[in-house]
Amino acid sequence: MVGPIYIIVIALGIAFTLGLLGKASKSAGWVFVLAGLAAMTFISAQWLVALLEGSIQGIQIFTAGYKPPYSISLQMGLEEAILTTLINSLGLLSLLYLGKEMVQKGVEILMVFMVFIMSMNVTIMTRDIFNLFVFLEIETIALSGLILLIGRKTAFQAGIKYLIISGIASGLLLIGIILAYSHVGTLDINGIASANNGLFRIAPIAGFLILISFIIELKPFPANGWGIDVYSASHPGIGALISGASATTGLYLLYKVLPVAGEEYLYFITLIGAITFIGSNLTGTAQSQPNRLLGYSSIGQVGLVTMILGLQPILGDRTLYLAFTIIISHYAAKAGLFWISGMVNSSSIKDWSILRKKPLLLVLFGAFILALIGFPPFPSFNGKWEILMKLGESNQYHWIAVILAGSFIEAIYLIKWLGYAIKLDEPVENQSNFHLTKQIPVWIMGLVLFGMGYYLNPFTHYAEAINYIPLLFALLLFAIDFLPVSIKNTITIAGLAYYFMLLWPAVEGDLLRQIFLVMFLGGGILTLLAGYSKKGKRPGFYSMAILMYAGLAGLLTAKGMYDFFFSWEVMTAGSYFLIIRGKRSLPHAYSYMLFSIGGAYLILGGFAIAAASLNGTSLSALSMVTVLPTWVYALIAVGFMTKTASLGLHIWLPGAHGEAESDVSPMVSAILLKAGVFGLLLLFISIGATNPHSQEIWYVLGWIGAITTLMGNMSAAFQEDAKRLLAYSSIAQLGYILFAFSMMTHIGWLAGFTYTINHFLFKAILFLIIGAIVVKLGTHNMYEMGGMIKKMPFSFIAVLISIIVIGGIPPLSGFAGKWLFYNAILEKGWYFQGALIFFAGIIAFLYLFKLIFSVFLGQVKDNHRNMKEISAWVLIPSYILIIGIMLFSAFPKDVLTPISEMIMPYFTSETLVWDGTKAMTSMGYWDGSTIMIVVGTAFMLLLGWLIVLSAKAQKVEQFNIVYAAERPFRPETTHVSHNIYAGYKKAIGFLVSPVITVFWDQASTFVLDFAGWIRRIYSGSIQNYAIHVIFYIVVFYLISLGGL
Amino acid sequence: MDYSISKFLFTLLGLFIVLNWGMLMSSTMRRINARVSGRIGIPWYQPWIDLVKLYSMRSQLSHGTMFYLGPVFRLMGGVGLFLFMPMIYGSQYFMNYSFSGDLILILYFQFFGMLGMALGAGEGGHPYSAIGISRGLSQFTTIEVPMTLAVISLAIQYHTFSISDIVAAQQGSILNWTVFTNPLATIAAMLSLLGAFGHSPFNLVRAPNEIPLGPPTEYHGSFLGVLRTNGAILHVTEAALFMNLFFGGATSWIELIIKTFFIYFWSVFVGTVFPRFRIEQSVVWFLKWPTIIGIFSIILFM
Amino acid sequence: MVKNTLILLLTLGIGLIMYDVYEDFKFQESLPLLGDYYARNAASETGSANLVTAVVVTYRGFDTLGEVSILFLTASIISFMFKYKEEHATKKEYRPASELLISSTQVFTPIMLIVGIYIFANGHLSPGGGFQGGAVIASAFLLMLLANPGMHLSHKIISRVESISGIGFVLAGVAGLVYAGGFLDNTVLSKGEFGHLLSAGLIPIIYIFIGLKVGAELSNIVSTMSHLPKENN
Amino acid sequence: MEQVIIITGILLIILGIFGIIRSRNLVKIVLAFTLFNTGLNILMISIGYIRNAGAPILSQIPGQGEIPNIVDPVPQALVLTAIVIGLGVTALMLAYVLKLYQDKGTLDINSFKDLKW
Amino acid sequence: MFVIIAIVLGIISLIGGVIALFHKKLVVAILAAGLVSLTASIIFLLLAAPDVAMTEAAIGSGLTTVIFLYVLNKIREKNG
């Protein structure tokens, strides 16, 4: 074992030796330093490995051979080993990354770099508070020198700001140290801490001064303008160091001196962290400069960890682990992001679209962003999860709210950025430079991130083991991304099929999950079939699709809240990447993601509060929530409702589904929306029908469902965009489903299931076919289509059958849903909601007619004369689904009876009785099979009769029609399809005025304006920043001690 | 569940009666209408003449498959409604095939014909068809609101969706009729009936003046014959529905004929008195008074 | 105006904090834990008469290492900051210094150098040590610069001295690690006789390194600053 | 005596901070820093002061159990370090100030607002 | 006796500090700051800290002031 002291010896030795090298051998110096850093990394890593293995104990190193407190001692335990390894390796990679710049700028900056890394090592290891001060000063000074590496004039401004503020902080620290010394007579941190527990504790003011100076070093919001300037002025390679190493060190130091200051400050630490977390992220939303944005984000993350440290009394011995999960995510992600930023080399996040030239970097960029927000499988996900559960257990709801709100605000700008990179046009000019030595460190950080996510999962409390195989499969698909679409499509379908077979036994005997498994994976296979009609390579498509399906499948196999939520987030991420692929999808995918994340956080909040009264986090235990049950249920329900796009939370759906690629729309509409339904079902089942805490919730949800349906259908009727029309229709259908399940009666649930299955079947067909037609005709606007029935008869029939199902017209299965619905409504007594639903149901005819008429009937447009039927690969899955519809329509009993039996245990109320093929309730009866027979027979007879009568009918062109006076010359002018419900709109169109869209628009504008207003405090003036810091100190003094 | 031949034949007989009564009723109404406006009007047998003429026309044009199927769908709608409607209370044979579904089936089966017709007319490619259909659908959505409210009110009142059961509950005395036990629902439904029958003031959909062409012209010969046939059946069947729901049903064909006559007459009567609404006017009108009445009819029974 | 008021208020706030500091100020009646230990044992443990030196070089030698690094850093950064301009700067015309200054420099510089060396060599016996001595050496250079503004100190020599003494310091520390109790332990060499120049183990040697290094660094800073180019833009 | 010195130190500290947040001239800000540091040093040294005790330089090794009558050497050692650090920081700040001055030709802090928001 | 010296030194250093902050001429301000350091080093002597006093005199009032003056010189050079 090489002693940790050699880290310092090597670093200083090399730094001092560099002076001897002279100017002749610039790159030799670089290699020298690189070797030194490698050695330092090796030393710390070897300690880390040994400590993790448990083969050795942590040690204390006494300098000068005397025991503390009489001399300075360093400590190398697990914490120190981890952090020094992180810092040294980051230094190593940074130097690799900065290679060229460093070599050019000469040995001085190499010395500074070396001393910088060394100083952080010492600050972490030292157990002497004055020594800490000295090396903190070294770190500060070295950093202020490293800022200059970039060679810009602004760097000097940032440097002096940094020096001045840290000068104030270190001065206060010195006062604190000497005061502490005067009281306890030692400078040893352990000594002071143990004295604090005894009689001779240090004065509160000493603790305050020590603490506040470390806090100032952490750049707390809003006294952090100088810190952000440092981020934005320095070279991104240095930014990576500041964010990854310096911030990490700062946090550990805060943790280290907390016992010196005393426990009474913990609350203030939490408060400071919370303010920073929210405030910094909020300010970040208005930022468009990548480095500065990363700075805001870093400070936000530091705020989060500060909060965690402050929550020690609640988190107990898990504090460090939890802080570590966040720190490691932040470390790797931020370093990677800064490095990429250095490669992109632009002052606007909009230019990051250049990354598309480097798919691997783009993927890593996405991973970094998601890791920062806290998506699985990254460590921050585990961390946030456990923190929230712990907070929930201790009833710290306000902190839960703060963490979720801050994370959400962070997502606002990070996701925006990600979207820009994926979607915006590539910049005309760019100074990007993707040299390999610059890329390698980023790859390594990506590996670290994924590796740590995998490694840390088992250590997380309240967590279940995760099945990583689907994620690996997604990775595999990414690896073979260069193959043509047909091969990847086959592999993906095979994978889904295999996974389906794998999961089937697992859900055996659980009909609920079986149904959804068929919908998720079966539906997935069917919609993927349509992919064979696509040309090219579709880069990234298949791995993301697999990601989404993996998430969906994970929902089904989830046993506890953790793996459920894990899968939920995986699914969200995958679907986001699928949705954003559409040509004009950027804003819509963005709002989809924000609503999804918001919803996910509500769910998380609900789970966390639920954890307060549960033993463990089993999903089925939700029914036993005793603390704030109504809140728990409401939060979780609203969370799921963001996915089902219920009223108020629906504004993302039309764009997201409407603009998605033609085969993505059916995936996200027919399949993905069902995830929300599945979630709601799980929730409802665990709540139980008779739960006294949820009756109001169901009542409200019922109304929301009914109004959603009405609004969805009405909006659909006024749409001119074919896919958006379908999207609004989805909103409405999900409204029905929500309504049906909210009734919490046996028949209501049967209706809900019928609707769910129907929606899956017909919406997949419609989106597949309409999507393909839209691509084929090159327009979304229905009034630019027309007369396709002769060109695309198979499509027409499929669409016709689908709309008959949507309309609920007997004899097809849609009517089964309607019939069950009214029986349920009457039984439940929700008459007005029922009437509203019925009204909505009729309005559905408006858009159904519009859809089929505008696209298939009427006159053919001139430029569409030579159209052919859409690809067979789209028709095949559609017709398979039609077979499903027909079977369901003819034999409803065979589907409904098992479902009925499955849900029987949940309800005490009356059930559906079958008499042969006839379904009976106390209210009425319905015989699907007979209706099929009667209608079929009568229809055939009548058709035969008409054929006999008009056997000689002459076929004429459509344009061969009778006119009274003026005769239009061109057929397309006679296709009336634009705004055909003008009169209707005039009468009640005000009902669908986009109040909710306007509301969300204004909310987001408000947030951005507010952020823009806040960041005005960052006026750039050194004086102002100093005033902020002093103000901050005084205010916290008054709050924490002034009141004492 | 009776699928026997005799059942089928009786049903055909019922259909025949309904068809003829429907034609007679329509000619009678047109005569009344003419008298009110000072004309003589058509002879009572004019519908039969028309029908025979239409079915025997030789020139027949089709614009395509859906155009061809449109009338079939439409007629299926009318016939289906008849098939699922119990016509004569207490008669085993004229209950038709109402055992396959209840009131909800009837309500939704109306759409079957409408949709088919709309699609058929749509394929005709005539711009006025689209206009007519869009107006018709717009108006129809609101017509159904008071009707639904009334039906829900009835369902609460009788606690059943079965038409036969509703009729049964109204037997005994004239005071048991829904019109007396639930007058609000009846009013709402009868107002909705005005729209359903499409007479003035709610006849913009097939307004004779603005749309002289479109479906009636595009569809001619046997196609139009089928449509006319359906019209006769549909009118009687719908009137029979209202009769069953609100006026005690019918125990014999005579009773049915009298009751349906008055129900049908009610819409004609209103039509001769009021001028035509524009589509946005009728939409708003239906959502106003009839809806409010309908809501009150539910509140009274909650 | 608002700003000035705010500044005054903040100063008042700082005053409040400092009042609190004053309130909590503990006047020592006797030596505290650490001081007490050093007063009793430092002399015997390190062999240094000057306890401050004992603390600075041995017990808190690690701090001193950091301190030296700070000066090293500062010098590096400053020379990095002005480096490129310097290379491109043209020779400047300096106003010649006064006769008196020049001649006094010639007298004082050697004396000051010797005094400086004396100070850090005797750091373990009398007040003073590496820092003070280093500062005196730097002052000597300063004087030379004043007398001869055009003079260029040989950066090479300065940085050689700086590097070598730095390495020496570190190696001395390692020697303590290898041959004695720990990093910077001074008992590698014998403690010698108390109060003599060649006593206190490694302390004088370390202090010489420190003195040389500090002197070199300060001279470096001073000379960089004095040779700044006039115009950059 | 210590009282007076402590108050001097504290007042210097306050004066220094006041100067840092009030001055508009960069050189003045750095000056204020040196004041702040000087005040700090005074404060620190006076912590270790014990009335009537001598400087921590011994003439002989104290015997067993004997406590020499000296002031606490620890704060002195700390201040020694702090002074040197202060010099380093001051020099660096001044170098920055010079650079900034060369950039903009002024010492007014409000001219250096290129980084903001 | 010591008290009086301390008071005098305190007053000198505070006056020096105020001058350093408020005097318009930078040279005077810098020298005043040097004076503060010098008085501080005397205070250190009073507090039985000869080592610190030496350091403060050499570094605080000596080198620091010189560096200040150098910088000031550069600034003046440019102005003049």
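Letters are used for the chains, namely A, B, C, D and E, taken in the order the chains are written, and counting of residues starts over at 1 for each.
Note that a contact is a pair of C-beta atoms (placed from the backbone, for glycine too) under 8 Å apart; a residue touches a chain by one contact, two chains touch by 3 or more.
For clarity, every value in this text was computed on a predicted model and none was experimentally measured.
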- Task: Please find the path from chain A to chain C through touching chains that uses the fewest steps, and give that number.
- Result: 1
- Intersection of contact partners for chain A and chain E: C, D
- What chain pair has the highest count of contacting C-beta pairs? A-B
- Which chain wins if you rank chains by how close their C-alpha centre is to the centre of all protein C-alpha atoms? A
- Chain centre separation (chain B, chain E; CA means) in Å: 106
- Message: Could you work out how far the Cα centre of chain C sits from that of chain E, in whole Å?
- Response: 19
- Message: Using Cα averages as centroids, what's the distance between chain B and chain D in whole Å?
- Response: 99
- Send over the residues of chain C in touch with two or more other chains. 7, 10, 14, 21, 25-26, 28, 32, 34-36, 38, 50, 52, 60, 63, 66-67, 70, 73-74, 77, 81, 127, 129, 131, 218, 221, 225, 228, 231
- Query: Residues of chain A that touch two or more other chains: which are they?
  - Reply: 130, 134, 137, 141, 144-145, 175, 179, 181-182, 187, 1027, 1030
- Identify all positions of chain B at which a residue touches two or more other chains, and write them in rising order. none
- Pairs of chains found to touch, sorted by chain label: A-B, A-C, A-D, C-D, C-E, D-E
- Task: Please name which positions on chain C make contact with chain A in the complex.
- Result: 3, 6-7, 10, 13-14, 16-17, 20-21, 23-26, 28, 32-38, 45, 58-63, 65-67, 69-70, 72-74, 76-77, 79-81, 83, 156, 159-160, 162-164, 166-167, 170-171, 173-174, 176-177, 180-187
- chain E contacts chain D in the complex at 2-3, 6-7, 9-10, 13-14, 17-18, 20-21, 26, 29-30, 33, 36-37, 40, 43-44, 46-52, 55-56, 59-60, 63-64, 67-68, 71-72, 74-75, 78
- Message: For the complex, give me every residue of chain A touching chain C.
- Response: 3, 5, 8-9, 12-13, 15-20, 22, 61-66, 69-72, 105-106, 108-109, 111-112, 115, 118-119, 122, 126, 128, 130-131, 134-135, 137-138, 141-142, 144-145, 148, 175, 179, 181-187, 203-206, 209, 1027, 1030-1031, 1033-1034, 1037-1038, 1041-1042
- Item | Touching residues (chain side chain C, partner chain E) in the complex | 50, 52-53, 119, 127-129, 131-132, 135-136, 138-139, 142, 218, 221-222, 225-226, 228, 230-231
- Contact set on chain D toward chain A in their complex: 13, 16-17, 20-24, 26, 29, 33, 36-37, 40, 43-44, 47, 74-75, 78, 81-82, 85, 88-89, 92-93, 96-97, 99-100, 103, 109-110, 112-117
